[in-house]
Amino acid sequence: MAKVVTMGEIMLRLSTPNNEKFIQADEFDINYGGGEANVAVSLANYGHDAEFITAVPANPIGECAVAALRKYNVGTKHIARSGERLGIYFLETGSAMRASNVVYDRAHSAISTATPDQFNFDEIFADADWFHFTGITPAVSDAAIDLTEAALKAAKAHGVTVSVDLNFRKKLWSSEKAQKVMTNLMQYVDVCIGNEEDAEKVLGFKPGNTDVTSGELELAGYVDIFNQMADKFGFKYIISSLRESHSASDNGWSACIMDGKTREFYHSRKYHITPLLTV
Amino acid sequence: MAKVVTMGEIMLRLSTPNNEKFIQADEFDINYGGGEANVAVSLANYGHDAEFITAVPANPIGECAVAALRKYNVGTKHIARSGERLGIYFLETGSAMRASNVVYDRAHSAISTATPDQFNFDEIFADADWFHFTGITPAVSDAAIDLTEAALKAAKAHGVTVSVDLNFRKKLWSSEKAQKVMTNLMQYVDVCIGNEEDAEKVLGFKPGNTDVTSGELELAGYVDIFNQMADKFGFKYIISSLRESHSASDNGWSACIMDGKTREFYHSRKYHITPLLTV
Amino acid sequence: MAKVVTMGEIMLRLSTPNNEKFIQADEFDINYGGGEANVAVSLANYGHDAEFITAVPANPIGECAVAALRKYNVGTKHIARSGERLGIYFLETGSAMRASNVVYDRAHSAISTATPDQFNFDEIFADADWFHFTGITPAVSDAAIDLTEAALKAAKAHGVTVSVDLNFRKKLWSSEKAQKVMTNLMQYVDVCIGNEEDAEKVLGFKPGNTDVTSGELELAGYVDIFNQMADKFGFKYIISSLRESHSASDNGWSACIMDGKTREFYHSRKYHITPLLTV
Amino acid sequence: MAKVVTMGEIMLRLSTPNNEKFIQADEFDINYGGGEANVAVSLANYGHDAEFITAVPANPIGECAVAALRKYNVGTKHIARSGERLGIYFLETGSAMRASNVVYDRAHSAISTATPDQFNFDEIFADADWFHFTGITPAVSDAAIDLTEAALKAAKAHGVTVSVDLNFRKKLWSSEKAQKVMTNLMQYVDVCIGNEEDAEKVLGFKPGNTDVTSGELELAGYVDIFNQMADKFGFKYIISSLRESHSASDNGWSACIMDGKTREFYHSRKYHITPLLTV
Amino acid sequence: MAKVVTMGEIMLRLSTPNNEKFIQADEFDINYGGGEANVAVSLANYGHDAEFITAVPANPIGECAVAALRKYNVGTKHIARSGERLGIYFLETGSAMRASNVVYDRAHSAISTATPDQFNFDEIFADADWFHFTGITPAVSDAAIDLTEAALKAAKAHGVTVSVDLNFRKKLWSSEKAQKVMTNLMQYVDVCIGNEEDAEKVLGFKPGNTDVTSGELELAGYVDIFNQMADKFGFKYIISSLRESHSASDNGWSACIMDGKTREFYHSRKYHITPLLTV
Amino acid sequence: MAKVVTMGEIMLRLSTPNNEKFIQADEFDINYGGGEANVAVSLANYGHDAEFITAVPANPIGECAVAALRKYNVGTKHIARSGERLGIYFLETGSAMRASNVVYDRAHSAISTATPDQFNFDEIFADADWFHFTGITPAVSDAAIDLTEAALKAAKAHGVTVSVDLNFRKKLWSSEKAQKVMTNLMQYVDVCIGNEEDAEKVLGFKPGNTDVTSGELELAGYVDIFNQMADKFGFKYIISSLRESHSASDNGWSACIMDGKTREFYHSRKYHITPLLTV
């Protein structure tokens, strides 16, 4: 089993139970998570040695976030206590034709003001095999951009494999700023995960000129854009998930991967999933 | 945004949580609603100025019904306090092959004994644009028939547009009585909403002789019956929702409308909806 | 263990959880009970063979009331299905200085329209040792007075011991009507339970002229009134519970009993109980 | 309506609410059930006179299991109190791609140590029409095998029709032991329920050599195996449910039956059911 | 009934249910409130015409705060939509020896950045009888000080009676700043509410030199300090609540009031209250 | 902060919510704990480095127990996976006069069959300061006696301070067996915790001949018995908690300690606590 480090923001998610609208809810279900924290929890669940790097405020809500990670067996000893609050997002789960709704209340969060000197990256990466981050982390604040690059430099200095999930978040930054920041960070990345939209918004790649009208041609578009990405950044692997909506109750999920060196391209089998209306 | 008045019965709905059967339930979820009250809440939600007219008993349960309307921004200042009880219905939500089950306990409700003199209809309709009622309201009691007609007369006197949802309720009255009462009330109506079954049971229209075996032909039936309705009552618009059951998990919902003057007929796009088992 | 029959109304109790006010509640806790039904459940819990006699509507809510009794091992085979609804009462549990609040919605209940011919009293009392009823049962309706007397006659005909809890309910009848009805029914009663207030309101006894300023003198008042009751009705035993409020959090509960023949009077030990704020 | 007796283990089911994983759950929903108990509850629900035979420990948890049966109107007067504990199983309800998970904690249960002398089978079957058991009951323990055969002998002695649901449980016994035990018990059985897998694992029948690639051919396989079963054991009827998975959200359920004497074979209509993700 | 206006911050309160610690909680109970909003809700509950002035963010969480006020019949038409977030506080309810714990997350709230031009104070106070605010409102931010004074000036210009609850909040400002700001605002106040501590921290009054060792002498101290307050600010009335802790389960609550003109002093009866452990 | 190791059984506690009786409950609240595990959680909460030693079954329920400890920051890396089940106890929380009720289902638990070779005690105690166990651990089974002594020997070999809470459990063993086993284990103990009853039942000490009729004399009894305990076993400290019941709602809790060498005796201040009826 590998030792994997992930870094990012962990937020308090307050979601309405039983598909209630915000205005109907008398209570919120409590969860603590975020893109990078969730990856750490999943890896720990599969038996890997996962460590999560973040900053939380020095108050009971921050400690609850840390306790949640600890419960799921994620390493938490490098988490900093600083800043004034834990980011929050409110989730109203959708129902039938009504879409889910998210209200973010994440400004001024602990991670947005954290600085590299709060973390002992040499110790963090000393025995690590892999470092994973997403495009959400540097989008949080300018301080977070510096923090992300500091972590990446340390990871590379220790020979750690680096993966990124591009994850464009338009509420946090513009495509222009994302491209400027993330293009620079790609020099540290070995494995890049992202769909066509992420590739365009975060890294500036234009989708290929393929005539995309069926499933097969869509894959051709991915081959084209993955080739461009491998050419420009020399990624070892480029990966994307693929989602098809067959009907209201039948979505097909699959994934594709390209070997950056051999340019071999694989497409996984599809899973048919009924969207979970109740969560 | 328009000022809309709706009038009818508001009931206490006691529903079993988590698709439990009545015999399994240890608690009931509480909601206050009814056909006309729900229309007022939806209109208020879309930003309209909605007012609801009803009678509730002068006790805390009646006040809870009023508070629920107020929370959703529906005007409640003309709601009367009278009568002995709020109507109740118990709802056992279905699951898989087990259908939902409703037990009504609505006899002797406040609205069933309310009289026109309890309401200042001149003030209610003074600045209103629209009045909406349904075939449920006069079905509640003979007193409610008088109350409905009094409201309709006042609405027309103030030049308010009137809409009705025919909504046949066989547990409340017979088709014979419905036809007698509702045919008379149609003189006040501008916009009539109802499907083929309502048109037959409430107004006595026979479905056309079209050979109804496919979706298109079904629409032809609606054109035929809408023409009859426009001929007889001079409605400005006639409207119906249309439901198709494609499979256990894929229902198609759409709506159609006829302009009573030009007889133009439109059919909306269809939405595919997976029936919500958990609401 | 004795075979005990009790008869009365069983209602659906809808109570707000967690000491919420009605206006705050999103759900009601469900219980089925009533003075006489609760006695049957307690006796069954102590191992007696308890049978409950009532009428419930022939709908799922009525069946739930019966299922609740069955769960607690109370015999239900003589319960009639008739009438239109199950009586309901809404309970808002108090908190700190705010008292509990009850809203009754029990008019038109099944038991209020039940008639003696719906019950096979000969079979019901064939092997019974004891019959218990309360002053609530005949207070429900005139039909319920007839039903109660029919049951009492049958009980005496089978040599069954009869007890009554006087239980005056001012919302159901006046003291005048209570005295008229209950004085007549006392001819069938062997054991009478009730405090000074019940004795006055239900049977017309005036409290004795004792100078009631301390605990001991209060007991003297009970001796006096119990003697009057034994003289007039020849009860075998007269019983009352006694409640003292020592402080906001310390109530003393005890009970007293007089042997109607020997006029011996006993007072139990006291139990100190902190009122349960959360039920 | 018939009088039906079923016999088996009743367990405490502790299931996570809202599709939570075990590690997420703060509470368990409580249910009491088991293959044979559930049949008794369903039959009572349809109005039959159902009696359930089992042993539960003489403690409050055992009494709760009995009270649950009583609530659903199942006869419980022959249930023995013995043994040290009630069997438990923990259920983590699945969600989307995550399957449900069951953890059994049923060793040392009351039924596994019960003996025939604890039950008055003559009284139990005196007025019974039908006795139903499953292959789970004898799989629980060697003592349970003896208990099952004792019940079957008594049932046949009283001319009671006997049905079995073969229900192979690999966590409780091997196919070898199942075949040895169950083949012997088939001498008492009139009606046998089980699919192809059960027939093979529990009774040792090999599926026919039909080319099973479509729905129709699958039925041919059932005709073949049912004929073998009728030949060998002389069953009056052989029955199986049939499940087809058309898509992620559309399962077809039907059933088939063969008359063991005439060898007539019927196939019911299919019901399309969206799997309930939330139960 | 009077028309009363109150102004202040309304926050989202997230409290752990069932006396759980933060680390134990899986859900938060939702309430919206604050010192001034709660006064408005209570007054509306007693039948007064209550209006609440505040600013909430233009998002669903802000709208939920407004809907909660509307449900309790508080006027909300003058509430501004501005700013980035609704203030939050987390409440861990105490149990036995463990005290309650509050975590504030109220920085950057909508009310802290609201400005006087967002409110039409002439319209707000046109027909008002009374204006109530607390020392919490100006403590929120410097902008809130300006807003409070603007409201006070408008209230006095319309001849509205003004009351203040001094309510010192050490987490929001220092005693020095409180005294500077609040001493200035007292020129607009008619009725001043506050205990000895508030009088000292917010207005700089020193407790009198009375020998405070018993209940009576404590009252003497209040007479002394109320006289000082009346002398300096010319209040019409000065009021304080008084709390005595008789034992772990018996707290005495009362209140005292001085007429600023006649210097008459009254002390109410005491209520004995068992602290609610479960709220 | 010290490094503390505790060892014992961790059980799944299933408790009825809201003071419900077992027969009323539809769900159980889930907690994982035990005398020694709770000590570890409390110490971790106060900032100590706490490690818990036990065995849990290799299934999801066992893992949930471990995750709960991890969440509360207790070290879990030495917990063994073995045995067939996790011990369970069912808790019905009392209410008013009804006492709480506990049903144990802990036979055949993982810890009852664990053996010393499953634990690397040299590593466990290498850097430990303190080892704590209770009289419950060896009471579980004969294997557990061996396991306890093996741990104690290792602890002493590493110079670790050892404390015991005598905790007599009559459902697990007799006083005779307890005295035989525990007297032997006292040779490893430095700090002994237990009240008069524990001292008598577990170690065979007779209470002193003091005339125990008041609080002070009770303390004299403790001085006497602590002196005997110090004489016989040479404990460094002997400790007991003391509980006085002043009234139904006012319990006094305090503690006393004796220095085994100087025989100095201290009594802490008392805390008055209202018993939590809702747990």
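By letter and in written order, the chains are A, B, C, D, E and F; residue numbering begins at 1 in each of them.
The rule we apply is simple: a residue touches a chain if its C-beta (ideal position, glycine included) is under 8 Å from a C-beta of that chain, and two chains touch if they have at least 3 such contacts.
Please read these numbers as outputs of a predicted model, since none were measured by experiment.
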{"item": "Between D-F and C-F, the pair joined by more C-beta contacts", "value": "D-F"}
{"item": "Chain whose average C-alpha position is farthest from chain D's own", "value": "E"}
{"item": "Counterpart interface for C-D, drawn from A-E, A-B or A-F and sharing over half of its contact pairs", "value": "A-F"}
{"item": "Distance between the centres, which are taken as Cα means, of chain F and chain B, whole angstrom", "value": "64"}
{"item": "Centroid spacing, where centroids are CA-atom means, of chain B and chain C in whole angstrom", "value": "44"}
{"item": "Chain C and chain E: spacing of chain centres that average the CA atoms, whole Å", "value": "47"}
{"item": "Junction residues of chain F, two or more chains touched", "value": "17, 23, 26, 67, 71-72, 249, 274, 278"}
{"item": "Chain D-touching residues of chain A, taken from the complex the two chains share", "value": "17, 71-72, 249-250, 271-274, 276, 278-279"}
{"item": "In the complex with chain C, residue positions of chain F that touch it", "value": "18-19, 23, 95-97, 247-249, 274-275, 277-278"}
{"item": "Interface residues, chain C side, partner chain D - complex", "value": "67-68, 70-73"}
{"item": "Chain C - residues contacting chain B, complex", "value": "14, 17, 22-23, 25-30, 59-61, 63-64, 67, 84-86, 88, 90, 92, 101, 103, 105, 107-108"}
